[in-house]
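Structure below; questions to follow.
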Amino acid sequence: MKNTLKLGILGAGGFTGQELIRLLSRHPGANLQYLTSSEYAGKNLGEVFPALATPTARDLTFAMHPQQLSDLPELDAIFLATPDEVSLKWAPLFVQKGIRVIDIAGAFRLKNIEDFKSYYGLEHNAPAALAEAVYGMPETSRAAIKTAKLVANPGCYPTAALLPLYVYRDLIDFTKPVIIDAKSGTSGAGGRKEKDGLGYSTVYENFRAYKAAKHQHAPEIAQQLGVFAGGRVKLRFTPYLLPMYRGILSTAYVTPKAGKAPEDFTQAAAAVREPFLRFKATVDQIELKSVQHTNFCDFSHLFDAETGVVEIVSAIDNLMKGAAGQAVQNLNLMFGFEETTGVY
Amino acid sequence: MKNTLKLGILGAGGFTGQELIRLLSRHPGANLQYLTSSEYAGKNLGEVFPALATPTARDLTFAMHPQQLSDLPELDAIFLATPDEVSLKWAPLFVQKGIRVIDIAGAFRLKNIEDFKSYYGLEHNAPAALAEAVYGMPETSRAAIKTAKLVANPGCYPTAALLPLYVYRDLIDFTKPVIIDAKSGTSGAGGRKEKDGLGYSTVYENFRAYKAAKHQHAPEIAQQLGVFAGGRVKLRFTPYLLPMYRGILSTAYVTPKAGKAPEDFTQAAAAVREPFLRFKATVDQIELKSVQHTNFCDFSHLFDAETGVVEIVSAIDNLMKGAAGQAVQNLNLMFGFEETTGVY
Amino acid sequence: MKNTLKLGILGAGGFTGQELIRLLSRHPGANLQYLTSSEYAGKNLGEVFPALATPTARDLTFAMHPQQLSDLPELDAIFLATPDEVSLKWAPLFVQKGIRVIDIAGAFRLKNIEDFKSYYGLEHNAPAALAEAVYGMPETSRAAIKTAKLVANPGCYPTAALLPLYVYRDLIDFTKPVIIDAKSGTSGAGGRKEKDGLGYSTVYENFRAYKAAKHQHAPEIAQQLGVFAGGRVKLRFTPYLLPMYRGILSTAYVTPKAGKAPEDFTQAAAAVREPFLRFKATVDQIELKSVQHTNFCDFSHLFDAETGVVEIVSAIDNLMKGAAGQAVQNLNLMFGFEETTGVY
Amino acid sequence: MKNTLKLGILGAGGFTGQELIRLLSRHPGANLQYLTSSEYAGKNLGEVFPALATPTARDLTFAMHPQQLSDLPELDAIFLATPDEVSLKWAPLFVQKGIRVIDIAGAFRLKNIEDFKSYYGLEHNAPAALAEAVYGMPETSRAAIKTAKLVANPGCYPTAALLPLYVYRDLIDFTKPVIIDAKSGTSGAGGRKEKDGLGYSTVYENFRAYKAAKHQHAPEIAQQLGVFAGGRVKLRFTPYLLPMYRGILSTAYVTPKAGKAPEDFTQAAAAVREPFLRFKATVDQIELKSVQHTNFCDFSHLFDAETGVVEIVSAIDNLMKGAAGQAVQNLNLMFGFEETTGVY
């Protein structure tokens, strides 16, 4: 374990970047030295994000994105909170240089490069790095993360949906379709910019599904369900935009394996020993307020005997457990810190 | 057709009452004469609801709830926007007196009085009136409504969920479970009072399911699906509270009948000729903003070939099509007005 | 009085345009025949604004903005809900052609063309039309509006602030500064587009002043206060952006004339006989909810004997009394309809 | 300086209590040992406030309010986040027992007990304690706080309004009225309970003044302005309720002393050396988003030469700088910690 890590964030001007800065500026083992932002290059952190302007952080200056590897200072690890194509280009180069990478973009999550092309619209030109990349969900892949050079931090919807399905994985009949109906605040549904569809007058007092036919998190969820199931899983995934800012609440409708009873589900949930997973007695108790600004994932289930459907509800803060919080968990694992350091 | 109907509203001080007043004060055939409210008795409409204080309405005075039938003026019809037990008591009496009743409470929706007792916590002591009551969904029961003495105006969630399922009813395999995941603004989830759970600080920037295990609209939806299907239908129904005010968006996951193809669903939808049903090309186009302050129900479907799931999304304004607007549609049918009068 | 007016709206695709369409499609004397929108040209109203798609309106088609006068159909009047420079160009041409104009932009409000240049950044090249234009606030200029060919519909902040100051005008010492602290929802603070500063994540759960040093409504308010006072009035005007959609609440701090007592203010307020002005007993009763979706201006005052300050609070719906509703009032006056027709 | 303080919170179940728990569970010198709540007595912190349930805090149990002094454990200091009458009763007893008190209620802020009776409706029966109490605004009273036994933590509106007025105090003509127009989110305007007036449907998409004629923070502000001015100051204070949760933005309109120029104000602001005060170049830059979840007070001024009015705008997070954050600042001063410890 190194005492103080030299850290950087590529693309530090967005929502996830802000949250990372907030977490790392309180982390006892972190020394944040390098922030890039095309929009804010040359400006002080305190000027750009007044709410983050603590004495230890406010004098950090945003740099331009690097043009070449030699533009970077010496770093132990770098977080990529960048567009997918930027991650795709730079992550392998950083790894080659010996900088461990936590990629919060989607460039190294899908193992199937056909899916990647279809859902991200990009050719995957770094198959070797992709083969080495570890899917960075600590609860399911802790050992591999510890030694990984390139961690693909999971998407926000996949994090919300997969964690409880992992808990119940041995009780679910994965030969039947899995239906996921997931609702997100605006900070999870787009960047910090005021893009089409995220203006105040179109989001406020409104609610709708978006990308129901094809969202890039669908193949990511299906891929990991396939790992749990040991085979291909059929998934219907629909994301919605809530008229609020922060959090994802995901409802999964699954079929229990033959012979599995309500108490089996309760036992599986109660047996969990994870610092950030919390089982609640009823699905009505899962709410966004309880997880906002935290790294927790709250979950519960409802076993509906009449229909033979088990309903699994989970909630996360998309910027914490769904992005920056999980990324710091991964950092801790990679460098031998207590996993919860700086994340509570 | 009577030229000008003498109308009353029992329980006119709530959300639905307000909306009814707004609609009826513009309806060319309506003469609103009698409003009751335990809270506002003795006050002028203009004082209680400043936004409704048009010249024709502002001098109406709220009366106390009646103690006996003779407290009522002569009326052609009365709307009950009252608690269920109040409707249960008064509706049969009004009908006996020759006043036609549109009950917006839940007292005469469930034909099975065991279900009524279980879900509403009340003994149904008016089985004769219940047997005569017509479920007031114009699109499915137009003829019966025209001659009904007692119309049970549908619940808001049932209205949102059932209308598109009626459109697609011949294409759905109702032997398989129907899953309904329905999201409502606060005006549909409770009364005008600041009850537990509807305070600003618990609703704002929050989202959660409520009554997932047992909501009184579940048996109502199942009952009407049973009518469509010609037999018992298994339903998993989960309502959620959105951090906003107005509207319900409902997503139903169903199984198509064997051999039914995407184009069958599109054809069924395109064939609809209803003044308030609007088919949109994709489920992403169904949004609350497009139906707020209107009586429309927008809907669409997504046929997912991989999973064999058909996803049906619909949206209504819960206070209009889900309550007062549909009630005025029913009034129009009952008294021979054009069905859309005063509702557009 | 013409029985049915042939009407057009230039720039019908914005917030004000929508509200005008809603009002005019219910107005018994209006026949809306011509809508232009650069964005929606060629599309049906029903497609663009589903919530407005009543049977009488949904088949209207948006036209391109005119290139020349001959592109227009025959019209009795036209509303301009356009950028200022578009109004400046077209209004005089329409008037010449005999079409009466209600300009909802700011091109003909300021009589001083130096102020116009300074605040709007435009040379005023239509001084003759400007000289003829009538400031379209019915409560202060009813007679002149009736015969006007070009009505300059007041700005939303000026409407909210000026109406109560007009009521109390004889009691205020206008040689002392007038301070106006005015708070607006987002629909009053910008267009329908998702411009910088009106994205969800910058408006939601936020509050701030904007253009405090120089807002184009300041000289408009000062000009009209000058009319009330019979001389130049010094004004400090600060607008703020509320995290909500609809309404303006304005607080004015003024100095009473020597010898004027609290009862003088109450008497002046109680003496008002205007269909859309409503005096409330206390400033705490002035709220946006009471005026939303209406054409009312609610107001009250607080006479603070200790400081010698009178605080005057007023509220309007910026899209109604602050734009489209007031415009229809003006139309009614111009063409001999009852002033309130189609506006309640 | 004691290494680890034994701390308690009386009334820990409200908004301020939650924020204090959050801050103190991260404070390196704090050992939070005693929490009381009439509502949550007997429950675990983790059960009541899931978002606060860190490993160090989640097993704390809420106790009943004490009946007698002997019910308390040994404590170095106690925070009172209680109703005013509870503070009034207990604070003197705690002080007598040697426990230093930080009272976040209003019982010891007003030195004039007539005002206290008039504004709080309570007889002040602890005049000796009141005489000893120190107004706990570190920027204005740092030395006295260090040795105080009883600190009266300032109200949220007074904190927002007074801090910049203190900065500019030598430039303001305090013989002229001071007008303060202050806007607060709901967490500053009431408790956590869903009281009348704070229900979702009355706050959402609404805005209004409240208690404009008589708010208990008016005499508190006037008292402290009197300290700055060395004499009685006349104040017009109006608070408003924003449709949001967190933050207060306050606008003060003052008269500059004769001969004072814009640059005098800028110099005074730029000369400030306070860890939590931040001067911005324009009043448009003062916004709630920049201070939420922080202990900062951002401020600026606009010198309006035409009217002779100086407009001073400031913003705080009412639960942080306006309550719990300032309370921890005070704790730090009282016990010799760095003033910013645990507050950034």
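By written order: A, B, C and D. Residues from 1 in each chain.
Keep this in mind: contacts are C-beta pairs under 8 Å (C-beta built on N, C-alpha and C of every residue); 3 or more make two chains touch, one makes a residue touch a chain.
Predicted model only: the values in this text are computed from it and were never measured.
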| item | value |
| --- | --- |
| Higher-contact pair (C-beta pairs counted), A-B versus B-D | A-B |
| Same or different residue numbers at the chain C/chain D copy interface, by half rule | same |
| Where chain B and chain D are represented by their mean Cα positions, the distance between them in whole Å | 47 |
| Whole-Å gap separating chain A and chain B, where each centre is the average of the chain's CA atoms | 40 |
| Of all residues in chain C, the ones touching two or more other chains | 202, 204-205, 244-245, 289, 292 |
| Residue numbers on chain A that touch chain B, as the complex places them | 177, 179, 181, 183, 185, 202, 204-213, 234-236, 238, 240, 242-247, 249, 251, 253, 282-289, 292, 302, 304, 306-309, 311, 313 |
| Contact set on chain B toward chain C in their complex | 50-51, 53-56, 205, 275, 278, 289-294, 296, 298, 340, 344 |
| Chain A partner contacts - residues on chain C that touch it in the complex | 15, 186-187, 192-196, 198-205, 244-245 |
